[in-house]
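The structure's right below; bear with me while I get my questions together.
The first chain written gets the first letter, and so on, giving A, B, C and D; residue counts start at 1 in each chain.
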Amino acid sequence: MKVGVIGGTGFVGGELLRLLLQHPKIEVVFATSRQHSGEPIQRTHPNLRGFTDLQFTEQNPANVGKVCDLVFTAVPHGTAVELVTDLVKTGVRIIDMSADFRLQNPQDYSKWYGYEHDRPDLISKFTYGVPELHRSEIKSSNYVSCPGCMAVTSILALAPIIRSGLIDLERIVVDAKIGSSGAGVEPSAANHHAERYGVVRPYKPVGHRHTAEIEQELAKISGKNVKVAMSAHGVNMVRGILVTCHTFLKREIVISDIWKSYRASYQDEPFVRLVRDKRGLYRFPDPKILVGSNFCDIGFDHDTHTNRLVILAAIDNLMKGAAGSAIQCMNLMFGFPETEALMTAGIHPV
Amino acid sequence: MKVGVIGGTGFVGGELLRLLLQHPKIEVVFATSRQHSGEPIQRTHPNLRGFTDLQFTEQNPANVGKVCDLVFTAVPHGTAVELVTDLVKTGVRIIDMSADFRLQNPQDYSKWYGYEHDRPDLISKFTYGVPELHRSEIKSSNYVSCPGCMAVTSILALAPIIRSGLIDLERIVVDAKIGSSGAGVEPSAANHHAERYGVVRPYKPVGHRHTAEIEQELAKISGKNVKVAMSAHGVNMVRGILVTCHTFLKREIVISDIWKSYRASYQDEPFVRLVRDKRGLYRFPDPKILVGSNFCDIGFDHDTHTNRLVILAAIDNLMKGAAGSAIQCMNLMFGFPETEALMTAGIHPV
Amino acid sequence: MKVGVIGGTGFVGGELLRLLLQHPKIEVVFATSRQHSGEPIQRTHPNLRGFTDLQFTEQNPANVGKVCDLVFTAVPHGTAVELVTDLVKTGVRIIDMSADFRLQNPQDYSKWYGYEHDRPDLISKFTYGVPELHRSEIKSSNYVSCPGCMAVTSILALAPIIRSGLIDLERIVVDAKIGSSGAGVEPSAANHHAERYGVVRPYKPVGHRHTAEIEQELAKISGKNVKVAMSAHGVNMVRGILVTCHTFLKREIVISDIWKSYRASYQDEPFVRLVRDKRGLYRFPDPKILVGSNFCDIGFDHDTHTNRLVILAAIDNLMKGAAGSAIQCMNLMFGFPETEALMTAGIHPV
Amino acid sequence: MKVGVIGGTGFVGGELLRLLLQHPKIEVVFATSRQHSGEPIQRTHPNLRGFTDLQFTEQNPANVGKVCDLVFTAVPHGTAVELVTDLVKTGVRIIDMSADFRLQNPQDYSKWYGYEHDRPDLISKFTYGVPELHRSEIKSSNYVSCPGCMAVTSILALAPIIRSGLIDLERIVVDAKIGSSGAGVEPSAANHHAERYGVVRPYKPVGHRHTAEIEQELAKISGKNVKVAMSAHGVNMVRGILVTCHTFLKREIVISDIWKSYRASYQDEPFVRLVRDKRGLYRFPDPKILVGSNFCDIGFDHDTHTNRLVILAAIDNLMKGAAGSAIQCMNLMFGFPETEALMTAGIHPV
């Protein structure tokens, strides 16, 4: 099957290319880049030396439908609307990596992203790309919107406990920690190695945009409004997210019941692993062991002192948080085995 | 003035020695080490090459009162009780770095530390060494117990808002992130560089012992029971702590009132800096810029979406979180200027 | 095909298991561990959660020949001699990861490793496991000795220029930089995160043991004695090696001739990539982009100021420097495609 | 005494300000910044919060002589010539941090820096700011040019052995490793945290500009031409340099004689420490322990296998490699104690 990538120079674009070039069913027919058009892909993504001789090209949306069956759009928030408008006309199927089609209420774009979404009709064509929640819709979708990296982690962490109805929906704290690849490839003072190394930077203590996605998806599960109190911190690593969800239980619980509800939600999921070991260094989720893998590791602990349930979830933000989820969705959309080219163990230690 | 250090090989011991050797009023007369007795201090603490020719010696508590005016005890939790018992007899003044005299209710030791404290009478001789709360008692104390590193950070972050009476005392979440020096010098699988590098390790999602100190001090301020829901994470740095305190406001507030109450608490404090800048990379506290300094940087942000106040506080855990606080207490106890040998800017960037 | 791993808890053991468990032709029948016998493999190697339910077992060399076709021995230097002696009796084929069978002159063990090798007859059964130099012997070997991590990097870097006869054989400087996984899994003060993070530690400025292997292999190529002046440094990463080989040319050269000789040596090699780009961040080899991959990237630059040729080579020390090379040898020994389960791109950025 | 800093926003500018603001004899009267003029210094250098209320101003060279006694110029290479020309007219004394006045042969600028130096007359007014070599000239200089960071490290490492006449002057290899602060504050793809973290990047395998300074100073000592074969690598830390100097001895030596010659050179130097310990993690120089200090640590080891002397030297590149050296020169120029505001121990562990 032929696929293209629009916006191939960023970290997400590079990870998509890595996965696609090693996918047995896929031929990459183009990858675009404004900045690096005409240059070999392997200069920007040197890990792909020997895996492709392609060069980046300029965008040519009108032609996309003729040359490929599926296109990934990895462009900045706010710019995907116009691009997707053009692409839809060509009949190509689309997996969009931006936020532009994640929020189903168009008003949310003004509130959380600061721009008016002028194509609400297009939003409704897109499926939110979390297979654990929307597998069957994804299978029959032509258009999938990939979730935000912290959003998918938080949603997978919280979905079962929301489903259980056991927690206070007004006091859900999501304290997220993320590596430097999450902020994108554009150089800035904020991501200069000398300024970014060794930080614990509370870059978004309140008002993180992924809140909107998380509340949207949890409300669907709950049937009620859900309020998420999110704070995001940059920490000293490149890949990885850990979310620590502090939730308060409405009544006394038996911890094994909680395990049951998580197992019920995820036992058949190929890319969700429940982490529950009494010993060892990694008895709770940690993004360290997930480098290059598509797993979301989930675990929890019960604080009897405050009747709090602390739910922990970890991913590789470029994999399950972006390119891995996208390939998983692609596999579903095109009838490939869901785990094709994705079922690899994390590299450890790195 | 003559001082000694019992337990000089750990990270806290080393930091005490660094500060003491550069303190104009102090002569270090001994530093003990079981493991490295007879070896030069500068082998273990190579940054001190050229600053001392002392060698580590064996402990000899009975003699301490004769050779020095003050002794710092930097020994493992649970072992300080006996040591201090012996030292008190010699008439020496003591600053203890362990947890053994921090909790004023002896029962708390069984609950949080798993051992019976058999000298409750000694506990009552000790002052909890946070000058911002107990300056005048420290000045007149012979015995000071240094606070836990995450405890002092959390207490300084929360004290003014507790004082204000504005927040829900049942839903205080303290999400802490700490560097590898916090876990001590003893090699283990957990702190092997290959296992510890790049982690976001939720090593204590519930039940962290510093909870007890935080609740003790906040209850004194509040006059009510305070429950703290704490989770601690190891992140990829050596020095530093950031605590993110998620608190829920009981009513609508005006953010400038919160600033006023923090300024009222801290405007004369030499080592608390309120961080409030609209621009720049460091508009919130971050331990990165505090390396080697004794400051506690405090800032906050208001989440109108959930009426949450996110209070952030950062320290260098070996300074304000241990040795720096201890020297500050020493300066107070002996009538030196409070900031002597401590008023240095953090090294940045590191 | 059935394989076993003796010594499965170290970093090399873990990487072998990762590769073997994902190899389509292989069934792992056992992995031994003295320390963790009876525990699940995935506790020690948490990246393998979901990839195996095996538990570590105790060593039982006498039985190995019955249960598997090939065994990997990943035990400390000096202890493999006795173990291999026992294993050979069972008829199993062996890939040894230690140094005990790398040096073909038994006297070299006294000189470089400080022990007498009492089974020189066994040494002669082993092939030195560098396919780029000894592919045909490896194919027909029952016993392969995997090269040292810095040795294989240096040998691959230097072999073509040695072959060319262009450099001074008395002034070959190998300045090596390596991550913390290279020193093994055993916790020590040296690898404590707080002591190992941020170092540039010249841990072996002279006398590094891998010198012996490098000289042995280069002498075979050269037909003359070769002296290597090696220095090894620990740097702040977990995986990876860069060797910077400073060589002095005996006469004026044309740089394109050097490229020709490197291409002649490596153009058909699946896991050697020549790095030659005029632009881009990675125009010279860098271990950063090799995480999890089996490539050795080689490049060079000519210093006309001193008529020096600086040859640079990078690997992932747990892959091409250990487990990857071992699997490559296994593939050759058993007639599998040489690149089976190994032809994966490095994860980037990490 | 009143001083100003032209170019105060970079890492060197920030470190100068940190040292000057804590220097008991100094009042900082201005610091300039094109980009941040009108903004508080502490926004750019947040470690200085509470140490100054100054704001950055625009450059006004014509006025400098009226408002201060000394100015530090921390501007890009090539731009200092014109600036210094203007400043000299005002009668102010100058310490220049750029390369523009380091090389005493004006032709060297075309060769190594690619520009014609049009004020060779100015060059001759400047003293090369290495007190260990030029203390008395510095004391009587109005104009001092600070050395390059890798240059001063290499010069201090090599000076005594050059003086001894024992090594081959045609085969001096300087293999340097440096942190990310060395490349300056300007954001770029090369210093993006995601691309710079975890590298061992041979960014200048040949042709590094500091070669010229090293050869200039060593030739003065030797009385002969000296050729230095230098290669520079970026490693994963922010501060610090280690240079590994591989030198080849012309005859058999006794290692204690080498120690004698190093002690003879440096025994009275306040900021050179000879590192010679048989045990301990830091028995060779390592920049890790030098954070924030002005020391150059020097050690060596003898490779009898190749009759090579490996000389190792480490510094904090922003201290002894830039701002620390500059303040040391200032202290000498103005008759302050040479170690004033500089004699601080490194922060360890960081």
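Definition applied: a residue touches a chain if its C-beta (ideal position, glycine included) is under 8 Å from a C-beta of that chain, and two chains touch if they have at least 3 such contacts.
What you see is a predicted model, and the numbers here were worked out from it, not measured in a lab.
Asks: Taking shared residue numbers divided by all residue numbers at the interface, is the value for chain A and chain D over half (same) or under half (different)?
Replies: On the two sides of the chain D and chain A interface, the residue numbers are mostly the same, over half being shared.
Asks: Between B-C and A-C, which chain pair is linked by the larger number of C-beta contacts?
Replies: Answer to which pair has more contacts is A-C.
Asks: What chain lies farthest away from chain B once each centre is taken as the mean of the Cα atoms?
Replies: C
Asks: For chain A and chain C, what's the span in angstrom between their mean Cα positions?
Replies: 36
Asks: Between chain B and chain C, what's the gap in Å when you average each chain's C-alpha atoms?
Replies: 45
Asks: Where in chain B do residues touch two or more other chains at once?
Replies: Only 11, 181, 189, 194, 197-198, 236-238, 281, 286, 349-350 qualify.
Asks: Would you mind writing out the residues of chain C in touch with chain A in their complex?
Replies: Residues of chain C touching chain A: 11, 14, 18, 21-22, 43-51, 181, 238-239, 273, 275, 277, 279-282, 286, 289-293, 295, 297, 344-350.
Asks: Would you tell me which residues of chain A are touching chain B in their complex?
Replies: Residue list for chain A touching chain B: 170-171, 173, 175, 177, 189-190, 194-195, 197-203, 205-207, 211, 227-229, 231, 233, 235-237, 240, 242, 244, 246, 248, 281, 284-288, 300-306, 308, 310, 312, 314, 349-350.
Asks: For the complex, which residues does chain B have touching chain C?
Replies: Touch list, chain B to chain C: 11, 179-181, 185, 187-189, 191-194, 196-198, 236-238.
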